[in-house]
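You will see two complexes here that share subunit A, one where it goes with subunit B and one where it goes with subunit C.
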Partner chain A sequence: MPSATLLGQSIVSGLLAGGLYSLLALGLSLSWGLLRLVNLTHFALALLGAYLTYQLGHVFHVAPWLAAAAIVPAFFLIGVALHAVFAYFRVAEFASLLVTFGLAVILESLIQWFWTADYRRYETAYATMSIRVGPLFIPTLEMLACLTAVVLAFATWAWLRFTYVGKALRASAEDPAMAAAFGVNHRAQAFLLSGVSAAYAGIAGTYIALIATLAPSQIWTWLGVVFAVVIIGGLANPIGALLAGLLIGVSESVTMAVVTPAWAPLVSFSVLILILILRPGRV
Partner chain B sequence: MSAHGRRVALALTIATLGLGALAAVGLPAFYESFLYLIFSWIALATSWAILSGYAGYFSFGHGAFFGAGMYTTATLTTALGMPFLLTLIAAGVLAGLLGLGIGAVVFRVRRLRGELFGLLTLAITFVLATIVLNTRIDGGPGVYLSAVPMPRLLASPTGTLYLLGLLLAVLTVGAAFAIAQSRLGLGLYAIHDDEDVAEVQGVPTLAYKLMAFTLSAGIAGIAGGIHAMYVSYVTVGETFSITVPLYVVLMSVLGGARHWLGPAVGAAIIGASLYAFTGGQQAVLGRAAVAFALILVILLLPEGVVPAVIGRWRRHARAASPPTVVDIAHAAGGGRALTPAGAPAALECHDVWKAFGGIQALRGVSLAIGPGEIVGLVGPNGSGKTTLINVVSGHYEADRGRIALGTETLSGRRAHEIAGLGVSRTYQIPRPFAHFTALDNVALAATFGAGHRSAREARTEAQGWLEFTGLARRASAFPHELNLHERKFLELARALAARPRVILLDEVLSGLNPAEITSAIRLVREIHEQGVAILFVEHLMRAVLELSHRIVVLNEGEVIAEGDPRDVMRAQRVVDVYLGRSHVVA
Partner chain C sequence: MAVRTFGRRSVLSAIFLFSFATTAWAAPSGQPIRIGGTLALTGGLAPTALLHKIAGEIFVEELNKGNGLLGRPVEWVLLDDQSKPDLTRSLYEKLITVDKVDLIIGPYATSGILAAMGVAQRYNKVYVHHSFGMPHLAKYEMHFPTASFGPEPQKSIPTTVFESLAATSKPPKSVAIVTSKFPSAQYQSSGAKEIAEKRGLKVALYLEYEFGTRDWGSLAARVKDANPDLVWIGALGLDGNQLLEAMKKLDYTPPRHFHLFPAPGPLAVAPDGKNALSVTVFEEHPPFTNNPGAAKLIPLFHDRAVKANVPYPHVETQVAGSWAAWQVLEAAVTATKSLDDKAMAQWLRKNRVDTVIGKLRFDGPNNYGDDLFKVKQVQDGKWVVVWPREFTAPGARLLPP
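This part shows the complex of A and B:
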């Protein structure tokens, strides 16, 4: 059994890693739950955002927060444009999986074309900063990412819960025809949501650039875990996605500390499999 | 075997002999490996489609079965020194059992939707990879097979692999064809369109899904076993990567996953284009081009290349030759009269209860329908009429109570068994199989219902029932081409084709115009004359009074009156339930 400090430290780093999972899961959960689109392009967009942050910072010496200020609105527009394609061709849930897979591969190829398959590391002064709480170290960047996830999750929840647009989106997801009969303009709101979801991918991307080492194939490394988070959290449930992300992050990191790092993937997927089998009605 | 079947078998044999002879003569090793890879993809994509294409359960776990096969062969040849060809059998059996085990767990979950099944199978792939990586099966460094002796089927090792790949690909495509023509295939297609209806019509859906999954996984396992020898160095990262599950899906969807030849065509196209772009930066652009082509195909040809080509060719052929008029008089049962339904029997419900959460839909319903009797079941909306039909037909299981047909107990049985014993039903809103023609919709009921007919007999019989319901001219129409009246009658034709002893009719008349109602009432009479007992849910009083021998009134899940139609409808309690209690005392 590891010491209390090690356990505490692994819970902290699990929470922080989980924050990044939540950040990625948030946009995915929204578009799947409310637009019925399983959007694999989300991962590719996040990585593209990371490479853009890297390019702006490493080559042009633009500060990361300035880069984010440029990337987020640009990604919003990309999201809107993507939805224009889906809406024009009336892409259904299953076809969306295949189409967005194709788009993700195209983006992966583009990234590899511009930045090659070599690993890229964006070195900043922030990367080594950390806060010390008693015996525990909390890296600043990861903490910021986690806080962003918390803030975005609650903001999104409030948006869906209290605003007209949020209610309209939920009504349309429940019964599009009936919502339309009550005057909900689902098309306009779907564009907005798709844009927001892509903008979240941009935000996640900026943090990924600062925290992780980049390679084009990383598009696929988060796929399994983040889908597990989305499903465990419940579709279109921002708070659920946040909690599920933190849960998976902690359980992985505790497994790493207590058993061995190699067994960590088993945890998230076992949780996912159990939930799918025992509670299929949740999703 | 049908003429079509013989032609396909001949074509596959010629292809095998031709391609096999090519290798015997001696191809350059480069072409042998190139074609081996294509064959391997054909086997993988086609085997995937047996479950996922035919029955519509998209699996993203094909890589797990492929990987299980690879590691079976790798382990058995290196650790136990087993001959390579023998390990292929083990690889197939093990992967098949893995599929069966997974299926036995997940297919019991009724509400598991398609895309969740996909994610679940993907998750299983990652779990399997983690287990293999962390146990003695691999342990991390990978397994080398370079010292394993290659059997000398042909002079060169690449030739041997080429031949094995060819055999597996041809056998898989042949199996996919045979299944598409069989009862199993028909059942799987029906599951794809509407699983609940398929079960109620007598398709043993769970068993069929398990059979398809086991076969599909087993073939992937054999392909993996061969591939282990081809790569000769097996690692977890390569084996369980996202490549296999995604490419098999793409290949099948591109070619047409519902057609037996579609996945093979898709595998050939994508496999060849992947090879054309290997090496350097060009490979990157090539991959992007393949991805772009995939997007275009899914957006423009959602059914896949092969069905699109066949469809165009058929339309062309149809335009060239004048439409043939079906000789209805001769088509009906091939000249013979339609045989009446199975032996008459009584349906009895005794104290049947059913709740949905807190809502008690049925509270101890008891009713009996004598052999050959017509019983009208009436009651206000929400009184439990449709629930009762759903419980009798086995779609829902009763919480309590006993339902019997003659001497057979129905309660507790699965819906397809109940259909097999001679209970069939119609749906208030018709639920035909969308990808089946009217004829095939009826033929499915004839195949799986109480009659248990062969495919050919079922089609002849179906033609007869279409004639009986006046739909013979619409035999080759798809459900979306039929109007409501025709779809209602198609429901009836399906229910009859199952050769039922009892038919449960759920508001067959709703939404019809007066002339259509008159013809529908006549039809129900004719059905009754065949000796079928009828339970008949209806709001239209004219029809209820005209047809029923007896009526049963249901209110809030309880039987409140029963007896002669005219007497019952005059009873004060029934009038109160229907019209509300009068508060003004006149």
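This part shows the complex of A and C:
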């Protein structure tokens, strides 16, 4: 049996890893749930955000927080532009999977062309900083990423639940014809939501640059687990995505500590299958 | 009469020398010899495969600046296998049957090499490759490896590493082995476990993780919990860096850490990489640089790697192994004066080839020859060989923790 410290440290590690999963899942969950677009470009955008943070920091010595301040609005515009393309070509839910896969591959190639396939690491003074709580260590950057995920999840939930735009978006997703009859301009709001989703990818990207090692193929590293988070959390459910991310993060991490690390990837998909069996109709 | 004979001889000699010179230094001409191969230009193995690409490009350019092969220019038909063994297999099939290349050269890394080996075998092609880590699986009689760790790397590499550490003032008493499930890394690391136990080292921890793991925190916590004298990291690419960084976040630095197949640059320059250990067949210092081929390769590679934005633009084990593979192929063609695969294979099995990493032979089990691997260590931000003593960098020694 692992020691209490090892188990505690694994839970901390899992919660923090889960925070990053949630951060990546938020935008995907929104676009899939409310726009009916399975947007694989989201992963490519997150990695592009990471590379831009790296480039701004490594080459131009721009602090990551300032880099994020530039990247997030830029990505919002990219999200709006992408949605304009999807809307123009009337991309449907299933077709979006193929179209955005193609776009993600193009973005991966562009990233590789510019930054090469070699690994990039954004070295910062605070990369290895941790806060000590008794025998446990909480890595600062991962903690910030997790806190950001919590704040964004609750803010997005409140936005969808209490604002007119949020209610309109949910109504359009539920019954577009009825929502339109009540004067909801779904088209305009879809642009806004697409921009917000892409901006979330930018935020996730900034943290990925600070936490992980960058390589163009990493676009696909997160795909499986983030899809599991989105489905387990429920489409367009920000709090669900947050909790699912934390659940999967902790499950994987505890598996690594108690059983063997090789089993960790099985956990997210086992949880997904279990939930789909027990509660079908989540997609 | 004598004068006339001398005159004729002189004229004949002059004609012979002139014709020899024009043949020897003429630009290659005629139909190019096409050498087909794939590399992981994208995907998880791409960062290291990039080094092989640069090495291959330089080699082919240098060949064509000279006399090419058999006086003909050489064309490298390079395809992207996306780090996928299944795709690698199909691409080699295409190279041989559709593109009809004259020769083939192996891709990067064990799984891809093994996948293409079956294709090479089906078409009886000589198959020179540079990075295959599981010799016992290489049953094809016309494959020729330049990853020169002998026929049993799962024994020879750990033995060399543990021997080098045993010779220090503070030999390790316990080891934690953390390895990727990437085939060659897992294979050699499981061998390290056996060798460690045989040598009386306590194996405090043995962990296998999936290639592409994201959560290093839990792995780091387990290593810290085991508190070994040495961490054997059976990793590829930057896995080792990430594990060291995760351990640092837990306020833990292992006394010693060995990395099996690291991306050479990032580990050398990272603060956590101080005193990291690994294995190599070539580093940029004597006695390796005494090889005339190395003297030519180093500046060329450095120049090209800097232009390609490679963070560690130095010739090390990957680049040298790749260069050696091209040298083996060139030697076989030149010696047999043909592109006949069987003739080349026969010649390679009977002869040693002088390469940048040393003289290679292919007459051992499964065509593997001598174990040429040495132990290297990061010292002052650069890799230097520290074991065995006759190969150590000038003034270097294996630093204790």
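Odds and ends about this structure:
Here is the rule we go by: the second predicted complex is superposed on the first by the 282 of 283 C-alpha atoms of A that agree within 3 Å, B and C clash if a C-alpha of one lies under 4 Å from a C-alpha of the other, contacts with A are read in each partner's own complex, and residues count from 1 in each chain.
To be clear about the criterion, contacts are C-beta pairs under 8 Å (C-beta built on N, C-alpha and C of every residue); 3 or more make two chains touch, one makes a residue touch a chain.
Bear in mind that the values here come from a model prediction, so they are computed numbers and not experimental data.
In the superposition on chain A, A:F137 makes contact with subunit C only, while subunit B stays out of contact range. In the overlay built on the shared chain, the residue A:A180 is in contact with neither subunit B nor subunit C.
In the superposition on chain A, A:Q112 contacts both subunit B and subunit C. Contacts of A:G249 after superposition on the shared chain: subunit C is touched, whereas subunit B is not. By the touch criterion defined above, A:A262 lies against subunit B and subunit C together after alignment on the C-alpha atoms of chain A.
Look at A:T5: by the touch rule set out above, it reaches subunit C but stays clear of subunit B. By the touch criterion defined above, A:L223 reaches subunit B but does not reach subunit C. Legend: residue contacts after superposition of the two complexes on their common chain; A:F101 is shown touching subunit B, with no touch to subunit C.
When subunit A is checked against subunit B and against subunit C, the one touching more of its residues turns out to be C. Looking at the shared chain after the overlay, A:L192 reaches neither subunit B nor subunit C.
When both complexes are aligned on chain A by C-alpha atoms, subunit A residues 108-109, 112, 260, 262, 265 touch subunit B in the first and subunit C in the second.
Residues 41-44, 46-47, 49-50, 83, 181, 207-210, 212-215, 217-219, 221-222, 225, 237-238, 241-242, 245, 248-251, 263, 266, 270, 272, 308-311 of subunit C touch subunit A in their complex.
Residues of subunit A that touch subunit B in their complex: 38, 89, 91, 93-95, 97-99, 101-103, 105-106, 108-110, 112-113, 220, 223-224, 227-228, 231, 260, 262-263, 265-266, 269-270, 272-273, 276-277, 280-281, 283.
Looking at the complex, you find that subunit A touches subunit C at residues 2-3, 5-6, 9-10, 12-14, 16-17, 108-109, 112, 115-121, 123, 127-130, 132, 137, 139, 142, 212-213, 215-217, 221-222, 225, 249, 252-254, 256-257, 260-262, 264-265. Subunit B meets subunit A in the complex at residues 58, 105-106, 109-116, 118-120, 122-124, 126-127, 129-131, 133-134, 140, 242, 246, 249-250, 253, 281, 284-285, 287-288, 290-292, 294-295, 298-299, 302.
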